[in-house]
Amino acid sequence: MTTKKIPSTIVSPEGTLEHLSAMEVDELTRTKFDHPIYTLFRQCALAVLNAGAQTDSVEDLMAEFADFEIHFVRQDRGIRLHLINAPGDAFVDGKMIHGVRKLLFSVLRDVLYVRHQFDLNENATNIGELLSDGVYRVVRNAGVLRTGMQHGLVVCWGGHSIGTEEYKFCKRVGYQLGLRNLGIITGCGPGAMKAPMKGAAIGHAKQQHEPRRYIGLTENSIIAAEPPNAIVNELVIMPDIEKRLEAFVRVGHGLIVFPGGPGTAEEILYALALKLHPKNANLQLPLIFAAGESSRGYFDAMDTFLRKALGDDIAQHYQLIVGNPEAIAREMREAVTNVMDYRCEQNDSFSYNWGLHIPEALQTPFIATHDSMAELDLHLSREPYELAVELRRVFSGVVSGNIKEAGIRAVRDHGPFQLSGDQALMDTIDQLLQSMVAEGRMKIAGDYIPCYEIRS
Amino acid sequence: MTTKKIPSTIVSPEGTLEHLSAMEVDELTRTKFDHPIYTLFRQCALAVLNAGAQTDSVEDLMAEFADFEIHFVRQDRGIRLHLINAPGDAFVDGKMIHGVRKLLFSVLRDVLYVRHQFDLNENATNIGELLSDGVYRVVRNAGVLRTGMQHGLVVCWGGHSIGTEEYKFCKRVGYQLGLRNLGIITGCGPGAMKAPMKGAAIGHAKQQHEPRRYIGLTENSIIAAEPPNAIVNELVIMPDIEKRLEAFVRVGHGLIVFPGGPGTAEEILYALALKLHPKNANLQLPLIFAAGESSRGYFDAMDTFLRKALGDDIAQHYQLIVGNPEAIAREMREAVTNVMDYRCEQNDSFSYNWGLHIPEALQTPFIATHDSMAELDLHLSREPYELAVELRRVFSGVVSGNIKEAGIRAVRDHGPFQLSGDQALMDTIDQLLQSMVAEGRMKIAGDYIPCYEIRS
Amino acid sequence: MTTKKIPSTIVSPEGTLEHLSAMEVDELTRTKFDHPIYTLFRQCALAVLNAGAQTDSVEDLMAEFADFEIHFVRQDRGIRLHLINAPGDAFVDGKMIHGVRKLLFSVLRDVLYVRHQFDLNENATNIGELLSDGVYRVVRNAGVLRTGMQHGLVVCWGGHSIGTEEYKFCKRVGYQLGLRNLGIITGCGPGAMKAPMKGAAIGHAKQQHEPRRYIGLTENSIIAAEPPNAIVNELVIMPDIEKRLEAFVRVGHGLIVFPGGPGTAEEILYALALKLHPKNANLQLPLIFAAGESSRGYFDAMDTFLRKALGDDIAQHYQLIVGNPEAIAREMREAVTNVMDYRCEQNDSFSYNWGLHIPEALQTPFIATHDSMAELDLHLSREPYELAVELRRVFSGVVSGNIKEAGIRAVRDHGPFQLSGDQALMDTIDQLLQSMVAEGRMKIAGDYIPCYEIRS
Amino acid sequence: MTTKKIPSTIVSPEGTLEHLSAMEVDELTRTKFDHPIYTLFRQCALAVLNAGAQTDSVEDLMAEFADFEIHFVRQDRGIRLHLINAPGDAFVDGKMIHGVRKLLFSVLRDVLYVRHQFDLNENATNIGELLSDGVYRVVRNAGVLRTGMQHGLVVCWGGHSIGTEEYKFCKRVGYQLGLRNLGIITGCGPGAMKAPMKGAAIGHAKQQHEPRRYIGLTENSIIAAEPPNAIVNELVIMPDIEKRLEAFVRVGHGLIVFPGGPGTAEEILYALALKLHPKNANLQLPLIFAAGESSRGYFDAMDTFLRKALGDDIAQHYQLIVGNPEAIAREMREAVTNVMDYRCEQNDSFSYNWGLHIPEALQTPFIATHDSMAELDLHLSREPYELAVELRRVFSGVVSGNIKEAGIRAVRDHGPFQLSGDQALMDTIDQLLQSMVAEGRMKIAGDYIPCYEIRS
């Protein structure tokens, strides 16, 4: 279907933005085209209006809808959005699809709210605490936290670019999770971020379970590349990957990792760094590596990499289950129930894992530049926890070079990022990345040109 | 996945059967294994527990679960069902899936309730009225009728055995219907009975529309052959096809027909007979023939058949839309809105089309036997309305010979049904049936051995 | 305020009568003015439309609205009621108050439904069982039975004609019951039938407890004399006092008795007869006599009467709490919780006490005539259980002579009912009745002329 | 009943405070006993826990519960309140009544939220706009604003100290408003602030109308003197009377004034000043003076005063209806419907009257001191609008001297406030105030010692 555009339409807010004060309306309507907030909002809005579309390229999307505009219109009752040349698929008979409208205003809500939540006073000493508090406030403001006992939310990580076989497997796992009344949180895009939600939706429908939660947790710089899939019914936009990762592990009650690319590796290393931290010795954060029979090799490679890099003991921190969606879901259901019981004993919140310690090294944004990548301290002699932190940054940088605007530009202008360290470590990193290239886990479309070079 | 069986389990009722009087419980628990009601209930229960399974053969299903038993257990609080060797797919971690449990007790509700609703006093003169009243009471007892203004329910008819292309097309139409907040009623099985529901489920989710209604309207003798698909969340079981057809046209606000086999032809002729009846001159019953590009031939053949059999004027009673799901849904949405407006003007019920006249000839059960089939009066000289009634019976008989237990047995024992009449008419019937055979619309699996012979 | 009348208005049904089949509508609209069902319905409807009005005299009410008519109007969508000269207080700006409309159609529902529920085949041997089943079906049809665990319903019995002091006390008890999330069931009229509901309404509001249930359980022949008070939001009409009493004790989880007249005495003796029955040895039916300080004398007199008539042991079957609403509610809350726990253990229904044995002697309608009253076997030598049954009839007869149409007419035509038996027993009965006369517990207005004579 | 105290208990938050971030919890738990926020919160909490108690004296209440303490307790899941020596009436069997708990946390919510909403930058030029925005944010944060079309909210003003006759009249008006599905907003205390809510609660129950809104709008310095009555189910605490008045007229859709004291006179003058302002020429703000027959004199006196002070034309801005609750409610229902229609046309918010212009002179807090009272410019030569603004301050000052802590202290220390101006004007003010004294509208208990002196 050729994408139609809706030349001009006005939409009313839904949710928290229905009631704005006169001054809040003023502030919004004064936002100019060239303001960074406008640019960000326009880009995120476009992604949401294209929800379901499959493209890997922010630039393509931006090009196709170069003439898309979004304006704030003041009316006595509050604010409206005026859309020009909006994607036609977001509308039915001229009216915006209700779920899309909700996501659109989620975007606006987060873009507005996030602005001042992470402002750090230059004298601040408790930066980690301040950042954690900000993550909490954003999540709360988005309505993600619910009151009372819940059935549990499972984070599903994995590649946005996976094959049909893997997709079906993820969906079957999602179905089994849904049958067990578990909600799903993912990075909100296609592939392994969509399949578990789709499966869970069927499971929830069969169990007639409410609420049916499919939370997409994304970030400013990635939402255009991975627009929310069609199942997402709650959307949260974090300002960077570190805050997004913190939100994942604090809001979710358990983690399932499906095969994926460097982003998935980053997520695995983030989770393992947490689990390796001494303050998290009593941590309850179930972690399952899940794959269909045909993808068994992926986690074998990952397992090899992790053992080589972090030592064999690392394997006690995850559980690998192959080819059995029911077993995966049953294990996770049990683990989540244990988490709930533990929090009940501890008088902890059911909806937010305050007990988890996240060290500043995992909170501080890692900006992938040629310098920062080159400076990574990649040596096997380091403490496993410290090395995990450093390796997380490696893969974070690769993601940036692959699909984030800033990273792509840097690589285009200055060539691939340069990585160096212990030869053995560099080799195992290289092997893992090569296997991802070979398996096509780097990009949705076209040949992959590496954004990094391993140097010894 | 090999079907596991659950050796023994007890389930509690949900819905109208939660509150039974002591004597009602007594009556149920006295039901013996050899009672026809028990046999019927056991068979329907098995179908529901196999919801989603794809098989065309009652006998296979019955054979696989020959050791399945279902018993009524008396407890002070009411009744329970004791299941022995029940299909494992209906359970999650030992507990019956909530939606399946609801359907299971819908079956029991209807089996019990229907028993005495169509008892006709031998002196009754107003048989048509009595039958219509019974259909209404069954539908009401099943909770299908809702109060107040509604968004509308669309009946989707079409084959249970369709190709991937057609399935996808039906699903896309369902999606567009769902986006327009229309509920779906189908015959409750696979193929064109499932696809529109599946599509609508996505459309409803995107519009966050409630209630999401996917009504399966089936009959005693067919539910085992076409067990409810996984989307059905309301189930009604009628005692025969005539009452089922009446329920379809009185509960639905519009009809969409997708390509199908002889059952679909029966449905088309039923609808056209109604539309040809003089008392229904002002009838509001939108009828759309819908097909993807690749199935255009199907409705061309149907159109040819209908014109040859009933005259060219017949074409004004249906609308054919090919390859444009959005247009189909838009037309239907508009037509349903018109129906609602008309009923509002007429002070008619929104949830039941009392105004529709259904002649006794369409209500009286047609039992397909070699005699009754041979006696059909198939001549082009008959009034179009009368001929439509008769043709409806032709296809009804073919369905019976294909998939209903009694019909299959009759054909196995005595050879194909014999049909005769005007040569030209017989030829066009034959062509239509042959094309269905050629397109594989007769059976899900195996070669089709015709259950009829056209004689001139 | 002078009662206005609404000359003519049409109202639509709400609830179970919204969906009627064509034949059900036919049957209704054929009901003639002179049919007993019409007369009964008209009378009950009038009572409901006068809900809140305080009058003791059926005849006055009937006289004031002698020109009130209620007709069934057929419309395609179903049935409407056409009211002529209806009481104006039931309307706001020309529209019937929603709660009144609901009660009006509850009346119609019960009048229609009850008709055939107690038809006894002349050969029936299990009459008691048949009657119990009928009571259950009426209660179920009225929607009183709810699914799942509930907070509990407390039956409050007591006089319709009580002083301000007593009224306030009942209200305070109701408030404390409401604060403990208990629903209220009463005989649905004024006085001690209204006060606990009023108090509970405030308690429920403060606890923000839902659902707020105020069930009025009345009977055909008494509803006009005791029209539903303004708080009643569920109404059930039983055909006679015996079925009403059975409904009280099976639906309620505990009983509180406030001071009252002969009707209250009848209720006390009914409850005690049940508790004395050997089959109810393990019965869980909490019974509290509750009075304010100023009414302590009432229960002292009752206690004296019960001990003299039934022996001192009878006192272990009730608990008397004076002047402490909080203590009454706390005791009842605890007792109801115990009842719930017991039923849970026994796998009994939470919403209906099937376990309670009600002997036929308490089920068979006692029609108070001069003959039946004269024949009562009132001797202290009888078994306490049997004597309690007989004494229940004494007070039932007095109620009839006081406020039921048939009884009033009989007494007017033939003089007071004659009661005889053991002198000592007759004396204690006489004392109790005299004290009720002295305390003005017999009638709301005017001097009381006894409808009975005690003979020795 | 002697007030019991609960020695020590812990309560969990409900509503917006259920989810607090770690730093928010920290901030709260650092609040010290001697902090003004603590003092304010403790006082307001005490008032809420005494909801329903009738006392006019902050000091008495504070004295009786001098040993009452309220502490913030940190738990991992969030915050708890630890109460010491709390009033026993707020608890049932040791558990705080749900509605009271909700109000308690409303208090905390507002006390915390309001703190920084009205901070004015010293260079601010648009003070009026800033204040209005703050009022809106407080109301929004309290959850008072609802989405979509509503039935309407009626502000009821009038004395907290009124006689039985007047109380019954107010209740009857409330009943008629409730029957018309209107919600009630009052100053949240006893008397004319409680009666309309109580009546409306019965009307709403009869109409089975949801939501049932009884909004108490109070202020820091008055909540202890007029604790929320037992019906209030939404509570908002404003920092001063000017913001409270703004909230009344912006949130309500119409105003009814019952007889009252100087506070009521302040409210009348506030409303009239608004109506006299040229920018509000098209203002839709229905204003009805409502009194029972026996209080007709009150509004005759008020009418005389208003005409003398502001000219005869003032009478066109209000409507006086005596002795007919139904007429009052019918008029208001119609007026509110007109307001809704007008806002719909104007695309205005249904839940907040942004269109209303409130001049700064009515927004700036008037602090009643001997100086500020003496400086009031009370001359008949002034523009009616300006004089209305000034007269509002006169009565505001009297209220302060009567029941606000600061005012009472000032008068105790320095004698009555001195008022002066045109003789004729001073006389009519004096007459009005004298009649209030004579009718006992100044205080609930004891003889009234005037807090003002009229000087010419």
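Going in written order, the chains are labelled A, B, C and D, and every chain counts its residues from 1.
One rule holds for everything that comes next: a contact is a pair of C-beta atoms (placed from the backbone, for glycine too) under 8 Å apart; a residue touches a chain by one contact, two chains touch by 3 or more.
Chain identities (UniProt): A, B, C, D = AMP nucleosidase.
Note that this is a predicted model, so its numbers are computed, not measured.
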Using the touch definition from the top, what's the fewest steps needed to get from subunit A to subunit D? 1
Select the interface copy of A-D from among B-C, A-B or C-D: the correct pair shares over half of its contact pairs, counted by residue number. B-C
Report the chain whose mean Cα position is at the greatest distance from that of subunit C. A
Subunit B-subunit C separation of Cα centroids, rounded to whole Å: 48
Between subunit B and subunit D, what distance separates the C-alpha centroids? Give it in angstrom. 63
Roughly how far is subunit A from subunit B, centre to centre by C-alpha average, rounded to an integer in Å? 45
Residues of subunit D engaged with two or more neighbouring chains: none
For the subunit C and subunit B complex, residues of the former touching the latter: 18-19, 21-24, 75-78, 129-130, 132-133, 136-137, 140, 145, 147, 346-349, 351-352, 354-355
Interface residues, subunit B side, partner subunit A - complex: 92-93, 97-100, 102, 176, 179-180, 201-202, 205-209, 230-231, 233, 330, 333
